[in-house]
Amino acid sequence: MFEATRLECMRGDSRLFSEVGFLLEPGGLLHVRGPNGSGKSSLLRMLCGLILPEAGEIRWNGVNIRHSHDYNRALTYLGHLNGIKEELSGLENLRINCGLAGFDISEETAIDALERIGLDGREHLPVNVLSQGQRRRVMLARLLVARTPLWILDEPLVALDADAIGLMRSLFELHLENGGMLILTTHQELEIAAGVAQEIRFFS
Amino acid sequence: MNWGSFSAFLHMGGYAFYVWSSFGLSFLLLALELLLLSGRRRTLLKRLGQIQRLNASRGSK
Amino acid sequence: MSKINLYKFASPATFYGLAGQMIPGFAILSAILFAVGLYIGFFVAPTDAQQGEAYRIIFIHVPAAWMSMFIYVVMAVYAGVGLAFNTRLSAMMAQALAPTGALFAFIALFTGSFWGKPMWGTWWVWDARLTSQLILFFLYIGFISLQAAIDDPRRSDRAGALIALVGVINVPIIYFSVKWWNTLHQGASISLTKAPSMAHTMLAGMLIMAIACWTYTIAVALSRVRLIILERERHSTWVSELLEDIK
Amino acid sequence: MSMLAWIMKRDLLLAIRRKSDVLTTLFFFVIMVSLFPLGVGPEPQLLKAMGPGVLWVAALLASMLSLGRLFAADYADGTLEQMLLCPESLALIVLAKAAIHWLASELPLVLMAPLLGLQFGLSGDALWVLTLSLLLGTPVLSLVGAIGASLTLGLRGGGVLVSLLVLPLYIPVLIFGAGAVDASTSGLGAEGHLSILGALLVLALLATPKAVAAALRISLE
Amino acid sequence: MSMLAWIMKRDLLLAIRRKSDVLTTLFFFVIMVSLFPLGVGPEPQLLKAMGPGVLWVAALLASMLSLGRLFAADYADGTLEQMLLCPESLALIVLAKAAIHWLASELPLVLMAPLLGLQFGLSGDALWVLTLSLLLGTPVLSLVGAIGASLTLGLRGGGVLVSLLVLPLYIPVLIFGAGAVDASTSGLGAEGHLSILGALLVLALLATPKAVAAALRISLE
Amino acid sequence: MFEATRLECMRGDSRLFSEVGFLLEPGGLLHVRGPNGSGKSSLLRMLCGLILPEAGEIRWNGVNIRHSHDYNRALTYLGHLNGIKEELSGLENLRINCGLAGFDISEETAIDALERIGLDGREHLPVNVLSQGQRRRVMLARLLVARTPLWILDEPLVALDADAIGLMRSLFELHLENGGMLILTTHQELEIAAGVAQEIRFFS
């Protein structure tokens, strides 16, 4: 159970948002919407613990995430930055990223995941020769093998083509059906036909 | 002929260490270069063979 | 469309075969010449009055020093041609020559060092010639590591060519500056030109060893360029046909 | 594999993949040391006197320069963010990264140092002591420098301040390191200097990882 | 304003905005020079003999380190791409950027040098010649270094690779620069050295911008 | 008139595309479509002269762009990278970018453009505090003041919200109506109701 109450965020001199709260149960989807610069990314980073809230509290299974020991183990956050190394191949990046996140995957699993996300034949290329969308896919491939219950994704659909978006949608649905939780921003339309959906909408 | 005996040849008038290290190491390095080159050739051919077999199997599908 | 003709002339596919035919000849020649050179160096050339037997290092030291300088120039010329006319083969030749050049530079350095210890009593002095040889070695290493650091072959060819050209323009500047630096400072520096008066046999031995090094370099560079060609052209049809033949 | 093993494996892999990176630190060291005779002049006596100092200053600078790579890339591409989020202790992660960093970029330099010492006409004994002092001193440099590297990530404007803070910590290492060689050439025996270097190393191993972890958290806020 | 003026204005603005960057080069120079007495020991005679060489080597290294900033940021954020596409001659753009780079990160260092020279007990004359030689030599370093910087763009570890490529090319400048000071202290007169430095500067001004432009095109392909 | 004939592009070992050609008249729109990694960005960079074609020719008003003197003056290219400096403000970035592209704009013009693109009140903030979408807007503001006839835009809509996309669409339409040419890639749907549209479609 993931819960936030009366969150407030200051940026520079201005209050980006205040009194933001929600309660997310297993299978719950939270869609954060709003125009550019309204504070979506800031909220998501705050939920991960990367920004301290000005006021309010974020609780994972009832424990404030600042004191929770297993929150980091339960979380997968993918942001604007790719978090992948240009010199390493997609395969190496995926395995290492998973290792860093605390779970090992075998080479076969990794290759299989990359293949499913549409990078077959390119697993061994260094990432810096890949196209923009392919790089994002390397990053997103982690979702195919992650077994964490909480996903926080900041604009995961950027630079993806229609096929890949379809793939992501079905992945999200599967995750929700399996009792995962999903917090998401995107400017594109995305119909997710599973889970209990909520929405937070920011205005600029 | 410069050398009275084989051991005189090896002794190099007292400079054996310097002379033989120079020549020995030089030719060792040249030999090493040849060795590395042939090793590179072998691995390359193996890899190219693999690629080709892969392409062939893909093409037949 | 002269460019197309040039392209065909320097086509990697034809060159691959040509090089393959030339290599054995040069290899055999170099083996023979090395044998003759070493024979002259050790058995025909007389003992030096001042330096005793230690001077025999000259038979590997000087050819290696010559080669290291000469190969750099040849490499730069290839690189320049490659850059100017966009011929892939010249860039590959430059790439193929560099390791051997660096190797000879290194051989010159340490054989010199092994000569210096008995003659001067020290492994190293900051003499002009020694210093500029050291810098030449660094120039080689720079060229090689730049090319190694770039994955894309087209970029690596051209970047390497540029640095080789810049280097070759600088080699004389470096050489003269180092020379001046050293002589300005040091009255009593050890001068290499006061080398033992060279008997004809010594000169002959050195020349033969130098030619042996040359033929060795050609053979090695050609076989290395063949590998580079194979690697670069691995997707062309002629390479796959070739691979069929090998099997 | 444990997560630490993954981090070490990854950093090693990156070091190997960026071979030129590691090699060039070494060559930077080599070239820099070789530059001094060119600037100062070729008199053997002078060179012999300044040899240990030059080698140590060069090692210090080379190590400082290579520190930029310790976190910067991970910071820029978001990996550091992910490390902060991961369930292992951040101090341990820092230690693992620093260890691999030292192994890949500073150990080769230490091994090269005696060869360069020859260029300055140092004696065999002095060369031994030089190598030993570098072996003990360079890890301290890496660890202390990591504090600076992690602070610079956030405080873009504070680069100068950071070097100001870190440098006083570098100076003892330099003094005892170069001093050890000097002591051995002048026949005083280098044990005292070397054991102080050892003590500094233990201190650095215990204290810095936590400091770096804290600095990283500050930088990523 | 012409486009070149815009580029110069922008680079100046950035240099001011990233004040710490510029200060770090200076700081590095100061620290390195001040570290030597610590590493080598305090004998005045030794220090005086090595002073010009150390100052010049330090200036050279400081200038080399600042090279990383010449194009790297523009490359990473795509501005360099835009410069390649813009209607002005690329060689001129390169020259403009190098000029601002020199002004912002090397001129302060040149002005600081006499002060540091005092630490080594250099005479007034020697200090003059030192400053003059640095004034002539450092632009050559910037220009030649720009070649290395542009060739290694986008290559990880480029920073250290640059030094490998560029240091051998720096050697003539170092030799004549440090030589000028030595010549003046030993009463030989520094005119010869200084005029050679001048000649090198003219050569660099004529030849390098085109080479750098070519290198940039290669790197952005 | 912008024309390309029989272009071919090699990347690594593989031929990304070959025999690509088109003819663009004033008012013409060329939409380059295709899945991730199919070669769209490569084609666009090639059209700018940043990648040399393996074969084929690109001509601006009948002259090969490699020899054309006024091609660079006619072109505005915006790619995946923003080309903006994090430390400078949006205003400084815009003015400088325009200056680099060869035309001066006054401070008022720049402020006006930034305001129109939805950055009012944030002109003087350093770009590194802006949100992802706001950064893209700083870059795109250049299109509001550019008077170049040929625009080549690689995924200009990434990270933009619906309002901004609407603004860009009307901007494109205006450009085409004024006789400009536009070459564009995007994975999002975008109906442009002006100009003569063509399409190049890549398959992976």
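In this document, chain identifiers A, B, C, D, E and F correspond to the written order of the chains, with residue numbering beginning at 1 in each.
We take it that a contact is a pair of C-beta atoms (placed from the backbone, for glycine too) under 8 Å apart; a residue touches a chain by one contact, two chains touch by 3 or more.
Treat the numbers as computed from the prediction; the structure is a model and nothing was measured.
S.K.: Just how many steps, at minimum, does a route from subunit B to subunit E need if it may pass only between touching chains?
M.R.: 2
S.K.: What's the chain with its C-alpha centre farthest out from subunit F?
M.R.: Centre of mass proxy via C-alpha means gives B as farthest from subunit F.
S.K.: Please work out the Cα centroid separation of subunit A and subunit E, and write it as a whole number of Å.
M.R.: Taking the average C-alpha coordinate of subunit A and of subunit E, the gap between them is 45 Å.
S.K.: Please compute the C-alpha centroid of subunit A, do the same for subunit F, then give the distance between them in whole Å.
M.R.: 30
S.K.: Measure off the straight-line distance from the CA centroid of subunit A to the CA centroid of subunit D, and report it in whole Å.
M.R.: 37
S.K.: Any idea how many Å lie between the Cα centroids of subunit C and subunit E?
M.R.: Using C-alpha averages as centres, the distance is 32 Å.
S.K.: Where in subunit F do residues touch two or more other chains at once?
M.R.: In subunit F, 12, 80, 87 touch at least two other chains.
S.K.: Can you list every residue of subunit E that touches 2 or more other chains, as numbers and ranges?
M.R.: Those would be 18, 155-157, 161, 164, 167-168, 171, 175, 182, 221.
S.K.: Where in subunit C do residues touch two or more other chains at once?
M.R.: Residues 138, 141, 145, 149, 152, 178, 181, 185, 234.
S.K.: Can you list the subunit F residues touching subunit A in their complex?
M.R.: Going through subunit F, the ones touching subunit A are 11-12, 34-38, 40-41, 80, 118, 122, 125, 129-134, 137, 155, 158-164, 187-188.
S.K.: State the interface residues of subunit C toward subunit D in the complex, per the touch definition above.
M.R.: 122-127, 131, 134, 138, 141, 145, 148-149, 178, 181-182, 185-186, 189
S.K.: Touching subunit E in the complex: which residues of subunit C?
M.R.: Going by the criterion above, the answer is residues 135, 138-139, 141-142, 145-146, 149-150, 152, 154-155, 158-159, 162-163, 166-167, 169-170, 173-174, 177-178, 180-181, 184-185.
S.K.: List the residues on subunit E that touch subunit F in their complex, please.
M.R.: 1, 3, 5-7, 9-10, 13-14, 17-18, 73, 76-79, 81-88, 220-221
S.K.: Can you list the residues on subunit D that touch subunit C in the complex?
M.R.: Interface residues on the subunit D side: 19-20, 23-24, 27, 31, 34, 37-38, 41-44, 47, 118-119, 121.
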